[in-house]
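In the two assemblies presented below, subunit A is common to both, partnered first by subunit B and then by subunit C.
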Partner chain A sequence: MSWFNIKGITNPLTALGQVAKKPHTIRFPYEEKPAAERYRGLHYNDIDYCIGCGNCAEICMNKAIDMVPVEGIEPKKGDSGLRPRIDNGRCCWCGLCVDVCPTGSLSLTREYIFVSPNPEDFLWMPGISNPDGKDKRSWRSNDLNFSINTYEREKMPMLDPKERVKSFAEVVLGYEEDQARREAQRCLSCGLCTEACPEHMHIPEYINAIAWGADDDSLRIIYDNNPLPETCGKVCTRRCEEVCALAKRGEPVAIRWLKRYATERALNADEIKEIVNPPIAPKNGKTVGVIGAGPAGLTVGYYLALRGFDVEIYERNSRAGGMTMYGIPKYRLPLESLDKQIEYMKKVGVKFHFNTEVGKDISFDEIYQKYDAVFIGVGLQDAWKLGIEGEDADGVWSAIHFLRRVNEGERIDVGNRVVVVGGGNTAIDASRVSRRLGAEVIMLYRRRKQDMPADWEEIEDAEAEGVQIWTQGIPVKVITDEQGKVKALRYVKAEMVPDPRGGRPRPVPIEGSETDIECTTVIAAIGQSADYSFLPEKYHDKVKMNRGRIIVNEWGQTDDPKIFAGGDAVNRVADAISAIADGYRAVKGIVRLLLGEEALKQK
Partner chain B sequence: MADLQKENLLLEVLKNHFNDKIFDLKVQRHQRVHLRTTTEQIEAVLLYLKEKLGYKHLSHISCVDWIEENRFELVYILWHPEDKINVLVKVDVDRLNPVAPNIDYIWPQANTYEREMREMFGIQFPGLVGRKELILEDWDDLPPMRRDFDTLQYVMENFEFRSGREDAQNVRETIAKRTGEEIPEFAKKYSR
Partner chain C sequence: MRKQKTTTIYLGPQHPGITGNMMVKLEVDGDTIVKAETHIGYLHRGFEKLMERRNWLQSFTIVCRICVPEPDPNEENYARGVEEIEGREVPEKARWIRMLVLELARIQAYLLWYGGQSASVGLYTIGQWSIGDRNYVLDLFEELTGGRVYHMYIWPGGVRRDLPKGFKDRVYKVMDYIEKRLDDYDRLLFDNAIFQKRAQGVGYIPPEKAIEWGVVGPPLRATGTKSDVRIDEPYEFYDQVEFVVPDFYKTSDVWARALVRRFEIRQAINIVRQVLDKMPEKGPVWNKIPNPHKWRIPRGDAYVKTESARGEFGYYVVSDGSQFPRRVHVRGPAYVHGITLLEKILVGQNISDVSMIMNSLGTCPPEMER
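Presenting the complex of A and B:
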């Protein structure tokens, strides 16, 4: 029965099973079919998240991406103000730009149809040309574990907290070579950090030199505009790391520790000189006097000496370094490290007069007459007072005097319980030093922990060492015993009240919440002020002051063209790197004044 | 999660049959088995998997350039339609003398993959029949998928820039200019 097959009739009936199903044919009116979840279509860039680091443009193997300024986006610290523009005619949708984007702002979309008769139209700004792409994002670098960037920092070896409090040994041990190389290789070299650095150090360059194994070049680049790199490598406030592109979603590159690594390759002053080997100009016959051998004064001394000036630095203490010598505890910046850098400066030709206080051992007038230019870098020597009852009692210290005495090698008896008032880096230093002197330490701060101006890493380290941080407490009275010694500190609790003008919340005392802390020592670390008594009256109308700070122009110059100033006495940031930046600015100012504009251009 | 009974059974069978001729034998995850072998053994392994164990389908052959270790890695991906298992067979090929056996008599579609690898990585498959050119035209440069081929340099030499792109800025230079930073000449080779 080959001419009759029942299947010929039944088989077509199976099509009836499809009746209720949605057909695969194109519908009318036309329905758009979305592309796959991870389809690699046209780019989208979240303009507000983008920081203009340019890594997308750098990695593109087809040179399809340009960085261009965009109207309405102001450049600021941590944002170059540029945004990517893509030539879609060149793009091959490999997605490397998305993978490398440290902020995760750049993505591909499911949109893949773009037609235009005009070839110029294929050049467009993702995110600006296609604002609706936000809802169609497909290929994104969401999973940081699978990123081609490394978001985790190389861990810094440190002393155990229990060991730390036993001595003043240096806490941070420094990177080993392989660690430094790995950490340096994380850097994307965008250079956003250089803008945040007051001194604008050449950060991507020296980090790349470390990554490529050229430690000597790295040190040379560092010394190009920072004469105290080892100090900065250990104690810098590192505002560069705050704006690091990797910090948007991970941990910033350890810029400070890498600088430290590079400087520690040179073991002594001779080795620094051998490696850096800066060209020293022949003597030009000009002389400059510097008052204060702090970071600002040393910077002026070093770079002017390299340019052939005769520089002499007057320092009232027996050692150079200023606050980095007498203010910073030795477990953060050991004496040998500082001495090595000063020794190197002497080799370059900077002359020092130690134990010579201007205004006492030598008058300011004499210096003014003797030199072609004068630089004032005296810093802030006096401490602000608490302004409360009983603060003259025996056992009440100001932090800078306390730290100074400890750094001079004195062993101060602080008793068994110390209260440190304040929340800045100096307060942390005083607390950690007191712990090392064997006392139980309480830090009393009037705002909340997140308002503390101290470095978060320092706060963590202090807590690890057993410093207790009591917040929202305002001291009101020091209670003394019969001999006039500190017995307790009375404070009131405070509540945080939002500032109606939009500033940070203010602490307001709560009535009747007075509490006493029993203690043997109170250390006040609430701020410092300058002492300008060395400056005779007749200079005051030229060297003008504003709230305790000397006013200078863009060259670090006061109204008297011969007098320059810098450091904590000028800027309000009051850290080592800003002082160095002030010094470097004054170097340019002094060269311009004494040798003319032309000399400034030669380096 | 399904148990890995089928996968482990396959491991046993392969281990018993090939002994030390295959290594790195492991179950990577559900439905995926991984093993390595040598260029001498690859045909035997593939034939055994296809003819005796039912891995009828060759999904793909891919190639990885491990330039630091001076080797290419060929990955043969096989599929068993009933057992639903992928087998990844990996073979290392010397990078300086990249020769691998031709297997297009086992699976005819391997011919296309091998021609592509010959063109893109420069791997030779003795006895492979097919035109030298698959995608590229008149190519006399280094095979372009090799990692030592400088794509960027090729692009810069061969393609013109579209007009209207002259205003592009270098991020590092823009920032240095804005802040007045003077990057010394000797340091510039470390800028990106």
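Presenting the complex of A and C:
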């Protein structure tokens, strides 16, 4: 019996030696053992920081998270107004919801005991059910290296600034395929961008298509509600990117560049037609006249043509595109790109009358009589004046007239020093164009740099190209030489005074600070206004105005049911995508008016 | 008049002597088993199927549940399977941390086994000690991974978080403590005449049949076979640490299997120390994956395996190129040990030894019916 020995009996008895030792499993009286610093316990959500993107609900493999409305939190741009509700009965505390939370608002806490006889109580709202959870946060994603999202954007290849100023070649070169795929992969598909886009484009959907390598699908989805996607892909003001969930802690998805990528896959109008291949409804016998071939008018033309309307667009210029043709410089939006999109529109049946100014070559009355509905998309064609002495001198330009001439192919002699007055995108455009014409450029702006309405990327690009930005300067006089040519611009320095009513600080001139900037050209880029002289008096009581803009209802309709309007002439945002959105709204309005409510439902 | 020579009894699915929610149907003649049949199905949660409807990242949270007592080899296998198909690099430090986790997991699994094995012969004190001591390892896990039992820590591309400050010191301390305690256990279990009498010669696996029957892990090594994935096909940095694979206990019974584990828990403690010494102080611990909702793994398959406390643990991962695994097949040791092997070696044994034999084989129901 190998197992029998005396040790076998005595050794186990050594256990008795433990009797006197302090037990380490039983603690009496009760001692609380705090959970570890990264314990994965009950959820906490920083309600004010959360944007309701729903990414937590999406990743939850138990479907334990629902996004629900919360009293006191209203949906707004960049916030769905919903907040996560966790079913603690389903949760497995894997913490993926925390690791994918783009804002970092969601976390798990060191709290792990929750007892209730009521099953309903296990459905709870982190942060609302446990407002005190903030101090107990444990499992977090505040170190971005451990957050699952990719916060850095694919770098867009661009021309070197030194090269840029030598020509009007396009500055942005566009993503390569692999870059676009990677960038598209970053998108979380939360859809906050869709809400922020004036036109509510199907952003997650077309980005998804790019991520999966289905570029054609992407283009089709894009054309569903934007007929000028290549334009937008290059120059859109991209409100979508401001609200991108990733932007809270990193760089937003390059939505605009991805759209650009998708549109650039189609090399010409025929290819667009082949890929998008939209169903075109048989002619319905209704006619629509459109005034102005800017983005708003073109949108109306395109979608109505698809729905079987006879659409004719009247444009006083020789080319379509409006400000995107004559305002936006070619290094941002090349002519070929615009032509390709217009060419495609012609292919689906949009008719144009170029060089035809309404009010001169054809009267508004005639159009009104001839068509079943009229759309006014005339934009803002006049420039605001500086209102200072010497403004009419030779060498003083308004930005839009200057840009127009350059875009028409003229090589304007601006001399060697240009002062551009203003701080918006138009001012930036005029400055960068002047750099390309070989001049030294100074931008003079009334307020501080952080107050500039221009896109920060544009500001950076301008500076990289050598544009000097002088802030807090108000022009007071243009000084001319004997020939009446600009010699200098006199300005006063301004100090920023807080607005007592809580608005943004106002620039107030500092007395005696007048300074002259020697220059050869002055360009004023301080705003535009509309010219409604084509509209006869008798329409004015139906087509009402408010501070220079036409008033329309939710269908884009004026008080005359037959007259619709949109674009810069209506909205105060004044960008291409808002003009497109206005156009799209009017399309629905016109369909409703001429084909009836029912027709709206079919797409 | 006895019409029936044998009696059928059911051990489980609710029985303290069974190793989980499973049942062994025994046909006994007196106290002697003449036929044994394993019945499973009391714990089916369909993990493999679930994974086909979860994306590649979500699936990672499921695999740990395939083995409650030692979840980490599952995480390791899943991560390595995905990485192999995708060709994803894992940072050096992460690979050391994975080894640390796997060895700590082995230690706590053996501590749990101490409790089960001794309780199955009626010695309850050891279990109270070893499971209490196991909690010190779970404390470490809690600190490192945020969870005590299910860690969900090793994931594709590396691990989820870096070591907390001062963590290494605390690991050394716990290792020293447990090493000391193992001597206490020895006096209570291995020196104990009761255990020696009960375990020796019981639950014999014929060594010449072992490989054919698919025996792995400590039961295989207890036949005198030198077999350990960590040595045979080293993964992570197991080729850079030193340890001995015990092939010198050859009696192939419950006793030999216990001795193998007794030896290996000490080896594991040593490996943990080596890992801590060799691990780089700094460096990334995760090679970030793309957005999980859009993360597609190229078409392909991979078979990966890990040496768990219960033996070779294999995963066969198949991708059809989509965001979801096409198939994740789990091949754990318990499938063989708890079904075919158990049914064979129980024959001729005593009813009262069934529980002890099951413990010595490491049968684990969730793994049989994943």
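The criterion applied here is as follows: the second predicted complex is superposed on the first by the 572 of 603 C-alpha atoms of A that agree within 3 Å, B and C clash if a C-alpha of one lies under 4 Å from a C-alpha of the other, contacts with A are read in each partner's own complex, and residues count from 1 in each chain.
Following the convention adopted for this analysis, a residue touches a chain if its C-beta (ideal position, glycine included) is under 8 Å from a C-beta of that chain, and two chains touch if they have at least 3 such contacts.
As the structure is a computational prediction, the values presented were derived from the model and not from experiment.
J.: Quick one: classify A:189 as touching subunit B (first), subunit C (second), both or neither.
T.: both
J.: Touch check for A:422: first (subunit B), second (subunit C), both, or neither?
T.: Neither subunit B nor subunit C is touched by A:422.
J.: Would you check which partner chain A:208 touches, where first means subunit B only, second means subunit C only, and both and neither mean what they say?
T.: Both partners, subunit B and subunit C.
J.: Touching A:52, do we find subunit B (first), subunit C (second), both, or neither?
T.: first
J.: Using the superposition on chain A described above, determine whether A:7 touches subunit B (first), subunit C (second), both, or neither.
T.: The answer is second: A:7 touches subunit C but not subunit B.
J.: So, does A:327 touch the first partner subunit B, the second partner subunit C, both, or neither?
T.: Neither partner.
J.: Who does A:61 touch here: subunit B (first), subunit C (second), both, or neither?
T.: In the superposed model, A:61 contacts both subunit B and subunit C.
J.: So in the superposed three-chain picture, is A:123 touching just subunit B, just subunit C, both, or none of them (first/second/both/neither)?
T.: A:123: touches subunit B, not subunit C.
J.: Can you give me the overlap between the subunit B contact set and the subunit C contact set on subunit A?
T.: Shared contact residues on subunit A: 58, 61, 189, 208, 212.
J.: Can you list the residues on subunit A that touch subunit C in the complex?
T.: So the residues of subunit A touching subunit C come out as 1-5, 7-9, 11-12, 14-15, 24-25, 35-40, 58-59, 61, 92-96, 99-100, 108, 138-139, 145-146, 148-150, 182, 184-189, 208, 211-212.
J.: What does subunit C use to touch subunit A in their complex?
T.: Checking each residue of subunit C against subunit A gives 54, 57-59, 61-62, 123, 125, 128, 132, 135, 139, 142-143, 145-147, 150, 152, 160-161, 164, 184, 187-188, 191-194, 196-197, 200, 284, 286, 288-295.
J.: Taking the touch rule as given, give the residues of subunit B at its contact with subunit A in the complex, in rising order.
T.: Residue list for subunit B touching subunit A: 151-152, 155-156, 159, 161-165, 167-172, 174-176, 178-184, 186-188, 190-192.
J.: Inside the complex, what are the residues of subunit A that reach subunit B?
T.: Spelled out, the residues of subunit A in touch with subunit B are 52-54, 57-58, 61-63, 66-69, 75, 80-82, 85, 87, 89-90, 119-120, 122-123, 189-192, 194-195, 200, 202, 204-206, 208-209, 212, 214, 217, 220-221, 224, 603.
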